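Next come two complexes built around chain A: one with chain B, the other with chain C.
Right after this comes the complex of A and B.
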């Protein structure tokens, strides 16, 4: 079940990515509509992070291409924002929360120009959106996991992009932060931004996203929630794990009774 | 017995300049977890020095610095290639690269020893004490002061210029290189630039403090400062202060004990580091911790 779009914000054509000759992603081909909150689902090792990294040009694909806003990546870098996995950096780095969020403005500043008052105000407003105003001058080594995640999201917001790619923003954060971040993502997609999120928890995913990409090295599905969140497709994505499957059927049943469902 | 004459001042001043250049670059090497790349580069430049020497016939030619610079960049590229393409671990890539290049340098020196007035000693151990008698004299016979002092000034000016121009890029790529690449910052060019500056600084300083001791100045002052602060601007200030303290105490201790100035500088740096470890671990850390806390709440 792969639903293509006429005017896609992101188009991936026949993408194959391999590490050391063994492919991690096989012939992935889909296109995404704009203004949606999109979840990438799949088991461990399904290639979710690899997919995001190849979209961002951090991994060179063996074959296939990626088009964003119908352009090559290099032409639209200022319209794309990236939230890497929290563990990908060393939080002992000597920087304050404000320093890190200001890094989001570096791309538009270009070489040689330093962030000024305008950039600082933007960074502060981004910190306000993620509820971190009280921590502006805190050193990042003193933050909790959830706070680190919020700082990373604030940095992405400071890029003022149209397309956001986030790698596991809900990993290792508490329920409170998860809800707060999700609300923010929803507001972003309502104001026309496209947000693509790698997510590992299928139960919360059903409530969070309105478009799904299901991945297990091959693309299993890409489409709106009510068309692709089916027992068959989830089983194909997650393989034959029995206890998981029974939970999945339960989940489908719940979903059908979900009054919030569109 | 303690004297503060012009010679002492010139030596301490030059040593402080060299320690500052090394410290400034060392901060970013440390933050990139590449401190040992500095070590690798300082050894890998040897063949470049020898080739430059063979071409120019003098230890002081521009060819020597260019040769060393090229080898430094080559070493950086080789380490990077081994790590990324051949999938060798970083520490192993460093070990393979610098021992190989250093060995080539040694072979070159011994092969051309009959026509080259250059030996391993002069590259590995410098002697800053000769600084006041090694003067820069113009063709018209005017003395402009110690030659090595001028070399150190030029080095620090270029290092300051490099870090001043690319401060924000260096900061971002040291913290989160992938994010830098994604937002279009030329991360690999910045990295190569930093490594070229390290190569140049190594060669520029080896006459005074020797290639091995340059490594200590690259690594120890930033590591000591990092024990005391988690703020980049203060980390840099503290690194520079440690460089000056090390130069002053290194000089006078060497004077008292009649030993090598560069060796004593590094010993002082090592002692400062261990004292800092003990102080920050056992008492002062709690005090500084609460200060940071108070600042965060008041703002």
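Right after this comes the complex of A and C.
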């Protein structure tokens, strides 16, 4: 069940991605409508983060392409905001909460220019949106997991983008933070922003998102909630990896080169 | 002392030059080194500094004398080759980073030593000063060297200040930098170039073997004192300059003494002092806080024991009875009694210890926290009553008034703990 869109905000065409040759995403092909809160679902190792990273151009695909706002990624980077996984950075880095949120303004500043008063005000207003005003000057290693996640989201807000890609923003956060973040995401999508979120928990996902992408090394489904959240599709997504696919991956891994690469 | 005054009054212009040079060099290498230390790439600097030796020798062979342009050029070339090789090996082989660094360091340094021996056997009269590049000799810097090292240092410092936010992103979250469209690959290359240059400027003054210390130690020492990147860089620069100047001074007073080892000795001293004395992170401060905490727990135990005796209807607790409750902490208990008496929480009458009014309040609070926590563990965590004491014994010293209020609320102001003992409140009798 893959529902395509006429004027997609994001179009992914036959994307195959490999790590060290072995393919982790097979021929993913879908398009997304704008202004929706979109969840990427799938079991561990399904390629959810890989998909987000290839959309952001952080991993080069073996084949296929990504178009955002009907353009190449590099032309529209200032309209896209990215929240990496919280564990992907070293939180002992000597920086304050404000320092990290200011990084969201670096893209528009470009090389050499320093963030000034305007950027600082923007960063402070983003911190207010995530309820972290009280922690502006706190050293980032002294924050709890949920607070660190809020800081990352504030940094993404400071990018002032139209499309938001978030890698597991609900991972390891407390219930309060989860609700607060979800409300914020809802407000964003109501004001016309498109928000794509990698999420691991199916039970809460059903309440959170209105469009779903279901992955399990290949695309199982992409469509509105009422059409794709079915027992059959969920079983296809979570019911174990396709045995044949794993065997082919193994075969490719043992080659000296990557035959899938164009 | 005379030497000291002569050196630091800069009457001799050449000393002024050398001090200026070593300060610039210290600031430049501390800046670069601090970033690479934060990036967990401390060893890369060591590999590069060893790897420039063959370049220095080749530069010398080509020029036939100690020409700084040839030597710096050769050093940059072989440092660049080493850096390129290490990232190539990382991408194209399955070798781990530490293996790659060990290989690069030993292979290049080995070749360098071979070249050095060849030069020494050649009988070129100019080669006398070449050994200085191994351990450094700041006094050997002449004006011609100073220009090239000084300009390179200023270049490094200004690029680092100009690209401060880019390098910050490079270390903290390069993937995010790439995602927002900054040319992270070029920024990484710029940083690697600065790293090579920072090593190269140090070869004359510090020497290839010890240059890594001047890169990494200042940042590592400064990290004990601050949580802010800008302060960290300033402190690191300060540490590096101080030790650089002092090392030069030693080389000046004792002519045969190489500069590098002395710089490293001073730097290590600063690092050691930071490790011991820094507030919050330093060993002494941690030791002091731990000691204070242990003193507090022992005082708490004394107050609690007297309170429990009074709870049983006695009018106080005998000194010997108290010591018997804590047979392994006699010294600490006696000290605690003395301190508590001084602060007015208890008084001793004919060897019987009694609580004063404030003492009783304090004791009640400790016992209350103990019993509240026991009840909480029992009711909310389903832990059996005979398993809750140990944990309460620790947390009674820790719980804050806010947490106490929260516990009271959750448990709805309970009267009894899981052992059916009364939870004391401020307005109770006894």
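FYI, the second predicted complex is superposed on the first by the 239 of 262 C-alpha atoms of A that agree within 3 Å, B and C clash if a C-alpha of one lies under 4 Å from a C-alpha of the other, contacts with A are read in each partner's own complex, and residues count from 1 in each chain.
Methods note: a residue touches a chain if its C-beta (ideal position, glycine included) is under 8 Å from a C-beta of that chain, and two chains touch if they have at least 3 such contacts.
Quantities reported herein were computed from a predicted structural model and do not represent experimental measurements.
Undergrad: Overlay done on chain A, so just call it for chain B and chain C: clash or fit.
TA: Taken together on chain A, chain C would clash with chain B, as the superposition shows.
Undergrad: Go through the superposed model and pick first if A:95 touches only chain B, second if only chain C, both, or neither.
TA: both
Undergrad: Which partner does A:136 contact after superposing on A: first (chain B), second (chain C), both, neither?
TA: Once the two structures are laid over each other on A, A:136 reaches chain B alone.
Undergrad: Taking the superposition as given, does A:78 touch the first partner, chain B, the second, chain C, both, or neither?
TA: both
Undergrad: So, A:182: does it touch chain B (first), chain C (second), both, or neither?
TA: A:182: touches no partner chain.
Undergrad: With both complexes overlaid on chain A, does A:111 touch chain B (first), chain C (second), both or neither?
TA: In the superposition, A:111 touches chain B and chain C alike.
Undergrad: Which residues would you name on chain A as touching chain B in one complex and chain C in the other?
TA: Of chain A, residues 56-58, 74, 77-78, 80, 82, 84, 88-90, 93-96, 99-100, 103-104, 106-107, 109, 111-112, 114-115, 139, 141, 155, 159 contact chain B in one complex and chain C in the other.
Undergrad: Along chain A, where are the residues that touch chain C in the complex?
TA: 53, 56-58, 74, 77-78, 80, 82, 84, 88-90, 93-96, 99-100, 103-104, 106-107, 109, 111-112, 114-115, 139, 141, 155, 159
Undergrad: If we count contacts the way the header does, which residues on chain C are in touch with chain A in the complex?
TA: That would be residues 38, 40, 162-166, 168-169, 171-173, 175-183, 223, 226-229, 232 of chain C.
Undergrad: Which chain A residues qualify as touching chain B in the complex?
TA: 20, 56-58, 74, 77-78, 80, 82, 84, 88-90, 92-96, 99-100, 103-104, 106-107, 109, 111-112, 114-115, 134-139, 141-142, 155, 159
Undergrad: Could you pull out which chain B residues touch chain A in their complex?
TA: 31, 33, 87, 165-169, 171-172, 174-176, 178-185, 226, 229-232, 234-235, 292, 295-297, 299
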